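We just call them A, B and C in the order they show up, numbering each chain from 1.
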Amino acid sequence: MKKIIIVCLSSIVLSFTVNAQDADALVKKVKAKLEQVNDYVAEGKMKTDVAFIKAPVGRVKVYYQKPNKLKLVKEKGISILPKGGVSINSSSVLGLTNYTAIDAGEQVLNGTKVKVIKLLPLDEASDIVITTLYIDEGQLLIKKSATTTKENGSFEMEMYYGNYANLGLPDKMVFSFNVKDYKMPKGVTLDFDDDMKSEEKLKLKKKKGRVEFIYTNYIINKGIDAAIFKS
Amino acid sequence: MYNLFKLELYKIFKRPRTYLSFAAITALIVIIQIGLLKDGKEYISFVLADLGNSFEINGNLCNGYFVCFCILQLLLIHVPLLIALIAADMISGEANMGTLRLLLSKPITRTEFVLAKFAAASVYTLLLLIWVAILALFVSMAIFGTDDIFLVKNNYAVQIAKDDIFWRYIGAFFFAALAMLTVAALAFFLSQFAENSIGPIVATMSIIIVFTIFSTMSIPIFNKIKPYMFTTHMVAWKEFFDVKVNADNESIVGTIQRPDKIINSALILIAHIVGFVGISVYSLKKKDILS
Amino acid sequence: MPEIIKVNGLCKTFGKLQAVNNLSFSVNEGDVYGFLGQNGAGKSTTIRMLLTLIAPSSGTIELFGKSLSSHRKEILSQIGAMIERPDLYKYLSAYDNLKLFAKLSGCKITNQLLMNQLEMVGLADRAKDKVKGFSQGMKQRLGIAIALVHNPALVILDEPTNGLDPQGIADIRNLIKSLSTEHKKTVVVSSHLLNEIEQVASRILIIDKGRKIIEGTTQELLDPNQTVVDIETNDAQKTYTLLSALTWKNHLQPLINDKISLTLHKHQIPDLLRSLVKMNIDVYALQQRHSLEDYFLKVTSGNYVQPV
């Protein structure tokens, strides 16, 4: 399968402001926690939830190797992911090396107090305009991230932790993105019988799409054959 | 009656015209398969159109199931011609050869005659469809492999898991059989009004073409008459390839989005078949054989 | 002799056309029943009504003593018919065509039976050939084999000599004769080739415009008083004048195109010859024409009054 993860974050020169030092320290701590993991293979389910796409839940395997090798393999069947980059791992959002971290205060997210930190890439060529991280300071876990890109719209990631929280690996990850309206000419679909009610059609106009990953099992630091990332 | 049915089958399968249909089907399907084998990716990107710009859809999209769907979509518009070729000849051809008067002066009732002939035409239709299934489904599965099927519809796209497809094809072929039997019944019905097969074949195709145009054009005035046209219901086999979703928008394995639509269309087609054959029996019983 | 066919008050109208009008006749067992009429006289319509191909507008048909409408299957199984020119299944061989119809007739089929039938109509050596290569005459003969394959008691042949060459016509004539004499079948044969009918039929029905004109035995209808003699001499005008002066005057038909014709009793022909010799007339030819054909033309001309 073609590599589906495009890690958009390119190298950025680090720049600090006095104001950002705490934020940066926190980001580094989170990063350090994640760096305990050299590689992993995660097994789980992938659910694509786009209003106008009816897709079954599929089983996936995600392969990761430090620093930024990532591959999603659907066990069988077709995978549908938004174009332009699904970052399905916490490390990827922290893959930046050249950024400015800004403390944007605190918020309560799903009942947990989180620190809001905005990362601004310094490289003008970067597709990412801004990434906002919602970090549980106590556990050093990224609970949510929101990224705005130049080319590929905005997307959000929410992470839910369980058994592997100590390594910063989530049990569930929800990737949300904006979708355009679905339009398909009848000449292509050859589907001339259109008796769908307008309220049903309206439901399909939901602007947000989601891809949900639920991991059931991680195999951590057991080494991964490099060939997997090549294919 | 069974004897008569066997003899009708014997006649159908003794004539070269019958095999012409099978050859035509084979050629059409093989051409589509070669096309998709060579340029399947381009075709897929054409079909995905806009969706391909926003989503990355990976996997064996151009698999056997998808190829079969494409073939059925294209072919089920043209197979009626091949069915009409035989069904429209069933009675008119006998009239033309001067054998109708010979047959009907034998100790058989006209009802038996019509039913045996229609049964034989139906067997031909079903065999043609089985041949389509073998080539379009099984051969495609062998050549292109199997995977999930990803289909674009007017208002949404549907992905059906690989293990949830085969039974849908069985259903679709059964439904297509009903649709094609409707064509056979129409051609058969028209067959008794002519003394050569050209007229009924052309008439059958004309009716199907005109009705299909009405069925496919989204013009409000046509929309009102659409439900009354059998051609509208002939394409309901596609409903097998749409799934229900749960509250989380997950497709539910083994479900069909609109089973009511399939049942409704099937009943309408069955009514057409019964109607056409019934009128054929009635009118042939009343008819003076002058050919 | 029991009646095999009994038709009473049979009528058929197609729209405004009265194709058959109050037709009644009967055919006895063993008859070769000649059904005569010009084209469009209603022969085929009547025959098709006998075979249930056309429903009568009114009237009754009984075959083998039973009503055709209520015993259709039973009656049809005893009839073998060939109607006009059958093209048959061109893509099948003669043998396969015969076998197919034999099966439909519900008779027990053996290869021997089928080959015998083909032998009878002279097609045994072409048994395996496809009918599409057959001449009209061969198809006609195969049609007859089909009509006879299930050994029916009644054989109906509608225009069986249509499209045949003289040899073919003679073959059919002989076949019809043998069906009657050797196989003891009742045969109904229609034709407009009337001299063929007069040679085979024991009884004749002549219809015109759907009506019965006359029915009787061939002998009855062939009145010897109505023999026509055509004479060709060296001087037609002179011959006509001399004959007009004698007792032959009453027998002479008007002189048209120097053709002398007399209507007389067959036995008067020798006297006529002697008269001509006495008158010193050179006779080149004398031809007797007293046939059913003249009779037929006469009775269907529309102004015929049946002789008492």
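The definition used in the following text is that a residue touches a chain if its C-beta (ideal position, glycine included) is under 8 Å from a C-beta of that chain, and two chains touch if they have at least 3 such contacts.
Predicted model only: the values in this text are computed from it and were never measured.
Name the most central chain, where centre means the mean of Cα atoms.
B
Identify the chain pair with more contacting C-beta pairs: B-C or A-B.
When A-B is set beside B-C, the one with more contacts is A-B.
Just how far, in Å, is the C-alpha centre of subunit C from the one of subunit A?
So the centroids are 98 Å from each other.
In whole angstrom, what separates the CA-based centres of subunit B and subunit C?
Taking the mean C-alpha position of each chain, the two centres sit 52 Å apart.
So, what's the distance in Å between the C-alpha centres of subunit B and subunit A?
For subunit A versus subunit B, the centre distance works out to 46 Å.
Considering only the defined contacts, which subunit C positions touch subunit B in the complex?
Interface residues on the subunit C side: 14, 48, 51-55, 72-74, 76-77, 79, 81-92, 96, 100-101, 103-106, 143, 146.
Could you list, by residue number, the parts of subunit B that touch subunit A in their complex?
That would be residues 46-47, 49-51, 53-61, 73-74, 147-148, 150, 152-162, 164, 215-218, 226, 232, 235-236, 238, 242-243, 245, 248-251, 253 of subunit B.
State the interface residues of subunit B toward subunit C in the complex, per the touch definition above.
On the subunit B side, the touching residues are 3-4, 7, 10-11, 14-16, 96-99, 101-109, 286, 288-290.
Given the complex with subunit B, which residues does subunit A contribute to the contact?
Residues 1-2, 4, 47-58, 74, 76-83, 179-180, 182-186, 188-194, 196, 200-201, 204 of subunit A touch subunit B in their complex.
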